[in-house]
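Paired with subunit B in one complex and with subunit C in the other, subunit A is shared by the two complexes that follow.
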Partner chain A sequence: MGFGAYAVRRLLYTIPVTLGVMVLLFLLFEAIGGSPARLVLGKSATAESIAEWDAHNGYDLPLLISWEGLLRERSLVGLFDAQLPRYLWRLSRWDFGTSYVTNQPVRRMIFEGIIPSLSLTVPIFIAGFLASIGIALMCALHRKGHLDRIVVFLSVALMSIPYLGYILVGQFWLGYAWGWFPIWGYEGISHLVLPWLIGVVSGLGGNVRFYRTVMLDQVRADFIRTAFAKGCTTRRVLWVHLLRNAMIPILTQVVITIPFLYTGSLLLESFFGIPGLGYIGVHALHTGDRPVLSALVFVGSLLFVLFNVLTDLAYVWMDRRIRLG
Partner chain B sequence: MGRESSKQTILEIRDLEVQFATEDGAVRAVDGVSLSIGEAETLALVGESGCGKSVTALSIARLVPEPPSRVTGGSIMLEGVNTLAMNSRELRSLRGAKVAYVFQEPGSALNPVFRVGDQIGEAIRLHRDLRGGAVAAEVLRLLKLVGIPAPEARMREYPHQLSGGMQQRVMIAMALASRPRLLVADEPTTALDVTIQAQILSLLLDLKERLGMAMLLITHNLGVVAQVADRVAVMYAGRIVEEAPVEALLRLPRHPYTRGLLDSIPKLGLGAERLSTIGGSVPHPGEMPPGCKFAPRCSIARAECHLAEPALEEIEPGRKVRCPFWKSVS
Partner chain C sequence: MTRWPRIPVAKFLLSSLLAFVFGECFSLHAFTLARPDPETRSDRVLLGSTKRLRSLDPIGSGDIASAMITGLIYEGLLRYGYLDRPYRLEPQLAEAMPEVDATGTRMTFRLRPGIYFADDRCFPSGSGREVTAADFRYSILRLADPRSSTTGFWVIRGRLRGLEAFRKRVEEVGDRAYEEPVEGIQALDDYTLEFLLTEPYPQFLWVLTMHYLHVVPREAVEFYGGDFQRYPVGTGPYRLVEWKRNYRIELERNPKWAQTGRREVYPEEGQSDDVRAGLLAEAGASLPFADRIIRYVVQDESTAWLMFLAGGLDLTLPTTDQFEGVSVMGGLSSALEARGVVLDKVPALQTIYIGFGMDDPVVGGNKKLRQALSSALDRSKLIELRAGQEIEAVNPIPPGIPGNTTRPNPYGYDLDRARRLLAEAGYPEGISERTGSRLELTLDFASQGQPEMRQRADLMVGMMRSIGVRLTPRFQLEPTFFERIDRRESQMFYILWSADYPDGENFLQLFFGPNSSPGPNHTNYASDAFDRLFEQARRMPDGAERTELYERLAGMVQEDCPWILVTHPLIYQLRHGWLENYKPHDFPYGNEVYYKVEPARRERMRKAFRKQPLGLRPSTLSVNGGE
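What follows is the complex of A and B.
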């Protein structure tokens, strides 16, 4: 089987998975939760106003399929006049309804929140990735040397500091005491530098350790000796021969973390007042804002499914030894 | 002597000493090895596993990782230039250009993620001024030279798509990319099927003749030596114990260790049960006996053998033995 056919097959495979995710979301958020009318209308709502709200929002319909609808309409279309089919139909048109709290369309809230989230997480991801790769390559070159030992020690040290510790220390010293960075708000690049820094440094230890292990594994390989024996420069051996092989295990681990960039960083956004999706999500959780939560989970799951496939494809693309079948 | 001196010396290793830093201190893997290879000559380096053949061979182009290794003495002259004194830029223009290597496991010596044509192409670009289409044409020529059928298709394949024999041919093509003066083949057939081994050997021999290269061939296999080599050096525990022209050595070995090696080759018509092996094992590098390193396993060893290490003696022109009792070896 060729790569193209394999890619198409893997992508088609996402359709049933996505459908399953949607059904699961319905069961979790709608079927189990029941009608949110009381939450939306407040404690003073009368039984009539609740019934009216339910009817208006379709919560009076049967859950999965509608036999009455079938009899009424005398066609199969009537069968789908139930909560689940309507929910699936809305989701597949990216219609996530209106927030119970802000009364804004949820789709717009997500679009507005995604920019701050990505402007926070994407630079952290890229800078952290490049820095870790560079440091790990350096370790591979000087394995068992002083530099390597220092890097391993620092990585473990960095890993053992809790995330909150980075935030508190960063905000207190770099932000408050020395006044280098603002610590609250989302007004420009200057407001993002400190959270970027914290995000990169806090993730560095774990990444460097993992990448270093992968690189040390590869640097002992025979083909590295062959590359040196051909007369390649050290730089070429590392950046071409070593990295290209090390990228196979590294990418499979890294690509799958990309969907999480969209949810932003819960802690960083809360502590720095960045109005991203992490912030919005926490707020929705506190207020029971069901449409916002289910939309966040839905988009997150879609991205996860998609990047899972991309990981597989990248893996196969990079490692030609894998047989497709 | 006369035959040798008429030819130019390509490689001259003198008193090479290589140490490894290990947990139990420094270990001397190569201890005072001297070798020379003349123009278009094939020298076979034989000996049991771990005796220092690869370290010696890799030292020529300084390919033993430093650390843990360190060259602590000697000189390696390649066409009159000491490679041990070269800086990294000089080493790069030596590696793959003047001295090229073919390794034991072609399957892992080739980079799994690049097409074989590109890997050969890289070797060409590194040392020659060819670019673009000329590189591709040269890759094709090299693949044909090493006898790979349908080279146009093969060059676009990845190493795992080729058989072991074809992979080794690719390695050889890569080694020939810039017409090296010296080809170092470190057990080039050990990892291959028996039927393929003979093909690869005769290919190496044929190429060596046609291109006029000198060759250092490392092997455990004295059968291979008989077929290919002009001269043989036998290593034991980091030292040369015997060196001789190939026919002379095979006909009449002078060191007890060489005798043992010859006796352990299966011969046609003799059952495997008649095969003798050398008793005991190579001394651990950390626990070298004070005298002759082979004495603990030697059938003709005397008391004095355990006290002082004998020197490598020239017993006739072109023949050296590190055993004062070589006359008793038969």
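What follows is the complex of A and C.
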């Protein structure tokens, strides 16, 4: 099978998966959850006002299909006058509805939140990745030496500190007590440096350990010994021979992480006042704002599916030894 | 060879993706990463924090955070006197208090002439026009429009004549229904507005202060459509400069006031305490004092606390953890005092209670059991847990509202009485006489088990264990909690009610039969005697006779125990000394108009901070995120 055909087949697989995601979302957020009228109408809602709201917003319709509609309309259109077909139709047009809490179109909320989220997570992701790879390569080169042991010790130590600990200590000492960084805000690069720093440092331990293990698997391979034996410089062995062969697990790790960047970082966003999707998502969870949750999960699922396909394609592109089938 | 156009699914997906991306990008209210520091300007700026705002449309702002902002942009017929305690009403856009006829159902307001909406592109010339009675009529009918997404319709539901017919007409003819007469609300001329109530309802005057009934221009609603909530156009002292959702909102003086010669003044009378507190130093001065108001959406309480300590916020509400770190015996620590921080303590018009599901077969039909459980609850321990930031509730109506009495709760804490009542209820030592098994109850909390709530629940479990009852707390998200209550599936639930207006009726309606679930009578308490008396009391004007009825109603609730009365919270608020004219208020919507800050004084005091480290550690910070 050629690469093009393989790519098309992988992409076509995404269609039933996406449909499955949409149906699952409906079942989780709409069918099980029931009517959100109480949430929308507030603490003084009455039975009458709730019934009115339900009727106005289609929550009094049948869940899956409408036999009543079929008889009434005498056409298939009437059959689909039910909650599930309406939901699927809306979602297929990227219409996520309106937030129950803010009354704002959810699509707009996602777009307003995505830039702050990415401005937080992308630099953390890139800096964290480069730092981890660099340190892991050094460890691989000096395996079982002092540097390697110290790095392993520090990595475990960094992994042992709760994320919240980094934030509280960073915000208090670096922000408030010493005044090196702004405590809070999203006004400029200077406001993002502390959250970036905390994001990179907190993730460094785990990443270094993972990449170190990947590198060590490769550094013991015969081709590395051969490369040194034929006189390659250390830099060339590391960056050309070792890194290239370690790419498959690294690629898997990296590409699978990318879809999650869009949801931002809940804690960093909450503590530093970054108005991203992490904050919006958790607020939606707390308030039962189902259109927002459903949209975030839907977009996240699509990105996840898409990046999985890209990973598969990248494997083939990176390593022609992988057979298509 | 490009084949994709032949695949309709791919084309559809691609086109919808493009529509999604570009459709939104062009309307994207992008965040700028560089903006001038708000404090480098020399004007008077009020800096505060807020929770997330829902909407700037008066009928859509059902949350406190939004109402705090809309209260600065929009105005209504009446408002609370800023310094008056007990709370008293005064005209805002009305010329005077209304004329009420002998039946108590006809209220006639004369409007102040010369009140203008802020300039906005929704008006043909861009210049805000004068407010008329028709604007009020439109704004109030808009609240009743079934197409509106509002949490506020309950404030007028069933109160104004012809409102239900109006709603039906809207369903039939849409916007044309606004042009048809509605008996309950009529603009008699440009400056005269008349309400016809379905029955005497003196609380309607309090309701008229609420932001749901503030005046909006129809032009703006129609011009902005669904985006009206983002582009407010009001008559108030401020107008919106910028609103970055979930991050920051900035208001500036409404220039229309100066252009049209509108002058509002700071109150000239107050209480004796107000004179001592310097609250009358600006008596008669022109309002507003601040040029701009900036509110940051600070989600995390510990962050808000650090911002306050650093001088970035003028005032803050400390959490219990922070409070313990900064207070000494309920007063202010010397370190904060030296910084000029002021602590305000005021009882809030709120009641925390444990409701019994009156439909529940165990607790619902067993009054003595409810009385026993109420008698087993040691409120003082709960208050201690909150570092004294609550007071014991003996009455469903909180202190400060007529109807609240000092008569003790007959089922306050008394373990002997609890055990005796439990035995009389058929559960001696907590063992059922009928089945021989231990009494097991479930208490619902609208919480995911935050540490403070868990501690509170643990204390209650221990208190019930002391009389032999096994109590199981159940933590859940707020929507699930209310769904359970609405479906009458909750046996006991821990909840708080905040006053919508300072009248006992607002608390006593929580026991009124017709308000049962999913209405605000969450316990589904049903008593014909209570309902009859309540119907009588709520139609009466304020006075000794009505207060007596309120007290009788409260006494019936004390006796029947559909609630375990727990506590009334106290609001402990910290503010910097540079914030002047601040007086705590239970309904503070729009009160920033009275606050004053001198930038030079703030900067001087901030500089002094740096020389006075507080010696706090991160451990004094709360880790209770969320709202």
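Please note the rule applied: the second predicted complex is superposed on the first by the 315 of 325 C-alpha atoms of A that agree within 3 Å, B and C clash if a C-alpha of one lies under 4 Å from a C-alpha of the other, contacts with A are read in each partner's own complex, and residues count from 1 in each chain.
Here is the rule we go by: a contact is a pair of C-beta atoms (placed from the backbone, for glycine too) under 8 Å apart; a residue touches a chain by one contact, two chains touch by 3 or more.
Remember, predicted model here, so these are calculated numbers, not experimental data.
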(message) After the superposition on A, what does A:Ala157 contact: first (subunit B), second (subunit C), both or neither?
(response) neither
(message) Once chain A of both complexes is superposed, is A:Ala221 in touch with subunit B (first), subunit C (second), both, or neither?
(response) first
(request) Check the contacts made with subunit A and report whether subunit B or subunit C touches more of its residues. (result) C
(message) According to the stated criteria, A:Leu71 is in contact with first (subunit B), second (subunit C), both, or neither; which is it?
(response) neither
(message) Can you give me the overlap between the subunit B contact set and the subunit C contact set on subunit A?
(response) none
(request) Using the touch rule from the top, collect the residues of subunit A that touch subunit C in their complex. (result) 15, 34, 36, 38-47, 49-50, 52, 56, 92-94, 98, 101-105, 107-109, 111-113, 115-116, 119, 164, 168-169, 171-173, 175-177, 183-189, 267, 269-275, 279-280, 282-283, 285-288
(message) Help me check something: in the complex, which residues belonging to subunit B touch subunit A?
(response) 61, 63, 67-68, 88, 92-97, 100-101, 103, 105, 108-114, 122-123, 126-127, 158, 160, 171, 174, 177
(message) Which residues of subunit A touch subunit B once you look at their complex with the stated criterion?
(response) 144-145, 221-223, 225-234, 241, 244-245, 248, 318-321
(message) Quick check on the complex: what are the subunit C residues that touch subunit A?
(response) 9, 12, 16-17, 19-20, 23-25, 27-31, 33-35, 37, 52-55, 57, 60, 62, 146-147, 149, 151-155, 157, 226, 229, 244-247, 296-300, 302-303, 306-307, 309-310, 312, 477-480, 482-483, 486, 500, 515, 517-520, 613, 617-618, 621, 623, 625-627
